[in-house]
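Dropping the structures in below, format is structure tokens.
First chain A sits with chain B, and in the next complex the same chain sits with chain C.
Take a look at the complex of A and B:
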């Protein structure tokens, strides 16, 4: 009898122990949209969620995190070393937290540049297999992730004790915010990482536009725009009138029309907006792979035989130097 | 005619039927492309041309796959 009771107790205790560590990416004190999507995924897993915020302004970010109702704990590492989210420091911190807290069964991060950078390091240090860029949570240990550039979906089940997962931001809705609640905030001291890399400088493209990865509308330009000036002249007003993010095809990026952070496609960002407007893009399959989940695809191209028209919902054949300004004007007029 | 070339032409012609736009026009274009390389009969150059043709065939297949994917998604999931 005692034995049975003992077993039951053990099971109950084990159940209580499960918890999910969600890494919250911040820029300054603002939380990135992909991090809110990560919290949605964390909620779907169902364990109590511990959020981790780092950087010198982490305390402010933690305050705004209290609006997320599902959190059970917030870990704050208010250390200036983490301001630029160097993966060497970050992976050491996450490893330290996971090793000290045996309750943690899941580690989640947005599949952003930062998440993609530190999660494999954590996997290597803890001898675990990270599951990257998931689009769906099937159960606590089973996830769906795209493979072969999104042409197939793999359902993966992990047997690891601690499951490392990165979340594709465009596949999960952002977590709902409510009034600020009382959540336990714990300060965590970062371990000495022996980091030999040092942050020197960064060149950021500042933009008031919505973030490309999670925008509801995206206007993309391709090689058909012919020059950097014309890219700016035609795409930007159209994007402004639609309140859309700007994207580009690889051809446009390689020709130097715009920054490579705007690249949509297999090697660039994967987007899934409500509306995707492709201007002067012929539609190489690698580009199409990056935007195939868009709800409505509008293509503007002068060549009526361009491959993009076979996947577009709405096509406009015409000289984009004439039709794009006209379109922009009509949208502005109808406002 | 090399049987591989003939097969490639047939394959592309079959794939072209689903391409958006005017089928006779695309067929003529395909024909032109083959005529342009008619003097290529053997050796490395032929291999290169065949490889290019197969590349186009694969691109078309993935394009159609994508179109099917979107249609299925729209009809069953959205």
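Take a look at the complex of A and C:
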């Protein structure tokens, strides 16, 4: 008996540790790359990490999460109600978890469309001010985040008791995976969310290409492509030759050259690939906000004054209708 | 029978979207003296959408009220909103202080209650702090459903169907009023304001109140330790042919 009591005491003492709750976004049972980046940020904060996965395939996702060595616990809400990740349900669940576990001092989520949708709602419900889209962890309570479309970096310190943070996926390397570990998996029942929107339908763009948000190479087209047909004729072969994802400027999206979800910039996706090729993109500050942390930037534009050349490592002033097919052929030939 | 719709549109005054902001000398923020300010582009889209909904549902929409929480100068953007077709407006004058989304949403909740609003349309984010939080927080405080990043809004009686921009495509959701909507860039194209409309807007109601009138004390949760320039990229090279481009990329190990 004494032994058991002693053990229980030890557990109680351990429970006083601060801990981080990391929301892991999944698509079916696949964990998104931004979620692995979020776990890296969680490791940098330094507390024991509890991961949360939701949805009808949450149990499968939890199994693959066991390959992350840093986790102390995995919470699973295997409930089909979460398949569309509605913010009313997600915020009610996270609020419930935080209220029941007083050790939680940090809640992290990828700064994806889903994360940005639910985390502020959690903030309102718990009277906390979240910190959006951080690019760096300075300490347990201090973070760096871009403001003004990435034209300034603000270092902010939170005074909140529980710190809510969304993580910019392109700023953190994905957490390393190892062999499956023994991790405690706990099933969590979700509370009723009450007033909520109902899911009607979705229209997702399916593509064989790498995902724009996490691709190592990105080829982006802008207004200079002139038409949807020319965008497809020039950008797609170049992207294929590089095994790159396709991106676009807002001008190209607004002109109907490609789908909205390909937009790179302040209001679209933020990417930081190894190689970013900007074709016929002038480089407005809103676009630069989404790609200027790329390792190598190539710009092809006929206007030598275009602002894109101020961030490009290699710039070629020329007619993209001649240059791009030639470049595509040379890359194919060099393989 | 469907109830009357009373729309609230919160708008923010921000440094004009086309300008590159300069960091101030004390590294505490961005220089605001002698800089052009405008209505946040996403808020402009929110105003436009409210006006479009009212035009399409004349019977159903009772009013559109705009509110801004900011300095006295934010009256300018409220006048612009009034000129675009908003009926009445309130400025919550907080002086030059930057206030955080949590405090903004607490104040907005009071305005929603005061105006008995049942549809709030906001921009998805302000292009200065880039937080993308206020709409979601207001929805949380009110306990209402939320439809963020809207690219299409269809009002039918008490129900609103919203198509949202999400990672990888679009998603459609449906909710009964009351509802919070935040606007994506693709929702609509805001019209320019004509001079006669601007003149008329001067006669429309613009009420100025202080935050204490709502019993909200503004407290900061985040302390800004510093604001800095992002690291500059080292100068690149210009090449004159595709061959040079390819060899340069090989040299940089990018190919």
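Keep in mind that, in the parts below, the second predicted complex is superposed on the first by the 318 of 335 C-alpha atoms of A that agree within 3 Å, B and C clash if a C-alpha of one lies under 4 Å from a C-alpha of the other, contacts with A are read in each partner's own complex, and residues count from 1 in each chain.
Methods note: contacts are C-beta pairs under 8 Å (C-beta built on N, C-alpha and C of every residue); 3 or more make two chains touch, one makes a residue touch a chain.
Worth saying up front: this structure is predicted, and the values here are computed from it rather than measured.
S.K.: Which touches a greater number of chain A residues, chain B or chain C?
M.R.: C
S.K.: Is A:285 touching anything from chain B or chain C once the two structures are fitted on A? First, second, both or neither.
M.R.: both
S.K.: Scan A:113 for contacts with chain B and chain C and give back first, second, both or neither.
M.R.: Second partner only, chain C.
S.K.: Tell me the contact category for A:267 with respect to chain B and chain C: first, second, both or neither.
M.R.: second
S.K.: Give one of first, second, both or neither to describe whether A:176 is in contact with chain B, with chain C, with both, or with none.
M.R.: In the superposition, A:176 contacts neither chain B nor chain C.
S.K.: Classify the contacts of A:184 with the two partner chains as first (chain B alone), second (chain C alone), both, or neither.
M.R.: A:184: touches no partner chain.
S.K.: With both complexes superposed on chain A, which partner does A:323 reach: first (chain B), second (chain C), both or neither?
M.R.: Touch partner of A:323: chain C, not chain B.
S.K.: Contacts for A:229 in the overlay, against chain B (first) and chain C (second): which applies, first, second, both or neither?
M.R.: A:229: touches no partner chain.
S.K.: Now for A:311: first (chain B), second (chain C), both, or neither, which partner does it touch?
M.R.: both
S.K.: Show which residues of chain A both chain B and chain C reach, each in its own complex.
M.R.: In chain A, residues 151, 285, 292, 295, 304, 309, 311 are touched by chain B and also by chain C.
S.K.: Note which residues of chain B are touching chain A in the complex, please.
M.R.: Touching chain A from chain B are residues 19-21, 25-26, 59, 62-67, 69-70, 73, 78.
S.K.: Where on chain A is chain B touching in the complex?
M.R.: 151, 283, 285, 288-289, 292-293, 295, 304-305, 307, 309-311
S.K.: Looking at the complex, which residues from chain C come into contact with chain A?
M.R.: Its residues touching chain A are 15, 17, 20-21, 23, 30, 100-102, 105, 124-125, 127-141, 143-149, 151, 161-162, 164-175, 179, 184-186, 220-230, 233, 236-246, 248-249, 252, 254-255.
S.K.: Over in the complex, which chain A residues touch chain C? Could you list them?
M.R.: 27, 84, 86-88, 91, 112-114, 116-125, 127-133, 142, 145-160, 194-205, 213, 250, 253-254, 259-261, 266-267, 269, 274-275, 285-286, 292, 295-298, 304, 309, 311-317, 323, 326-327, 330-331, 334
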